[in-house]
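Can you keep this structure in mind? I'll have questions shortly.
The chains carry the letters A, B, C, D and E, assigned in the order they are written, with residues numbered from 1 in each.
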Amino acid sequence: MRLAKVVGTVVASRKEDVLDGMKFLVVRDCDFDGTESGSSVVAVDAVGAGLGEVVLYASGSSARLTQVTNNRPVDATIMAIVDLVQVGDEQRYTKDG
Amino acid sequence: MRLAKVVGTVVASRKEDVLDGMKFLVVRDCDFDGTESGSSVVAVDAVGAGLGEVVLYASGSSARLTQVTNNRPVDATIMAIVDLVQVGDEQRYTKDG
Amino acid sequence: MRLAKVVGTVVASRKEDVLDGMKFLVVRDCDFDGTESGSSVVAVDAVGAGLGEVVLYASGSSARLTQVTNNRPVDATIMAIVDLVQVGDEQRYTKDG
Amino acid sequence: MRLAKVVGTVVASRKEDVLDGMKFLVVRDCDFDGTESGSSVVAVDAVGAGLGEVVLYASGSSARLTQVTNNRPVDATIMAIVDLVQVGDEQRYTKDG
Amino acid sequence: MRLAKVVGTVVASRKEDVLDGMKFLVVRDCDFDGTESGSSVVAVDAVGAGLGEVVLYASGSSARLTQVTNNRPVDATIMAIVDLVQVGDEQRYTKDG
């Protein structure tokens, strides 16, 4: 899974039918402390993530193993909202700052 | 999924039989505002996308989960046409400009 | 799918049994006009592609969805021979030059 | 599989239900001698790996083939703890230093 | 598939049970002539490959389609030993030098 920050939303009214009702979020890979760094992808939200939250997303066929995305043409899904990232002995990120 | 712009077409008369009738489009990864930036791939069109439109495409096995591409040897499929990309509070792209 | 040019052949007499009879081709990613640019992979040929031809190949599990490669340990397969690449209004590549 | 070092932990209380009880570890790709070099991913632990250990992790659908991760939306899993890396005639890494 | 040279071995006594007895080899991507160039991965050996040999390995779910790796949490498998790489009219690599 990749650590990423939710930075935006994509709206797409014309799409494969089975995608109706899904929420497409723009997520950008981030460092351990939540600073945006890497590249961005568009992921379906399976856990009610909000703008600015640090999340984990799964890619590939694993992105289809949530209740929301099951058998859908989706290759990236947010499956967890991160509370804490600890590296070595140090807390690098906590959701409540 | 990746945000990309449709930039071209590929015609291939000699191909695996189950690919007959599919439309192969050249898509190039783009920024939030629709400016072409990243690399290009050839994706099958599952939603009637046209030249110049900003779309989402799914890769890998997920590319086979549309009605058009089911069980076909296809690893990239356009499954949505983008109306709006919002990043933070700002609308970075709208289909109708 | 990736646009690539067939540049060579790999012979491997000792291999997983189910691969017997398959033709392994070296393909190199190319630009819209067929000029070799990106990196190379070894792909199984499912459509009778020849040296110097511009082709499409599929990667990952989708590479196993042709008649030739079904259920085989193969992660890249040529599934189409390209006749034409059109980008915008311009024909960038035609098979017959 | 990739050779990586376990460098941290991610806690996520809000997540897809089937992920309850899984241990999410931050792993960073490393050289043959265990020196951290490449990029980091978050992987589920299937073998009881600890901080500082050099491990192998599998990506993609293969990450779901352990007892712990079966059918879960998980795309990276630690499936082995490395005792020894030998390159050519030289032992480049041993778990017990 | 990727063209790679076998450069080492990984020993891992603590691992997912179904991996018992598998041989983990370090392979490094190589040029057409067998010169090591790209990055390294750890692949399971399905064909009896030895140190210094040039091989093909398959990645992703296709890595599980050999007799040795069937249904195992393995994402890279050596499925062929290369005898010859021919690029254009030139033999760039032959196993017997």
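Following the convention adopted for this analysis, contacts are C-beta pairs under 8 Å (C-beta built on N, C-alpha and C of every residue); 3 or more make two chains touch, one makes a residue touch a chain.
None of the values given here were measured: they were computed from a predicted structure.
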item	value
Any chain in contact with chain B as well as chain D	A
Path length in the contact graph (chain A to chain C, fewest steps)	2
Type of chain B:chain C copy interface by residue overlap (half), same or different	different
Distance between the centres, which are taken as Cα means, of chain E and chain C, whole angstrom	20
Of all residues in chain A, the ones touching two or more other chains	60-61, 63-64
Chain contact graph, described as a line, ring, star, complete graph or other shape	ring
Cyclic ordering of chains (reference chain A, direction chain B)	A, B, C, E, D
Interface residues, chain C side, partner chain E - complex	7-16, 18-19, 24, 26, 40-43, 51, 60-61, 63-64, 71-76
Complex interface listing, chain C residues touching chain B	1-3, 32, 46-48, 56, 58-67, 69, 77, 79-88, 92
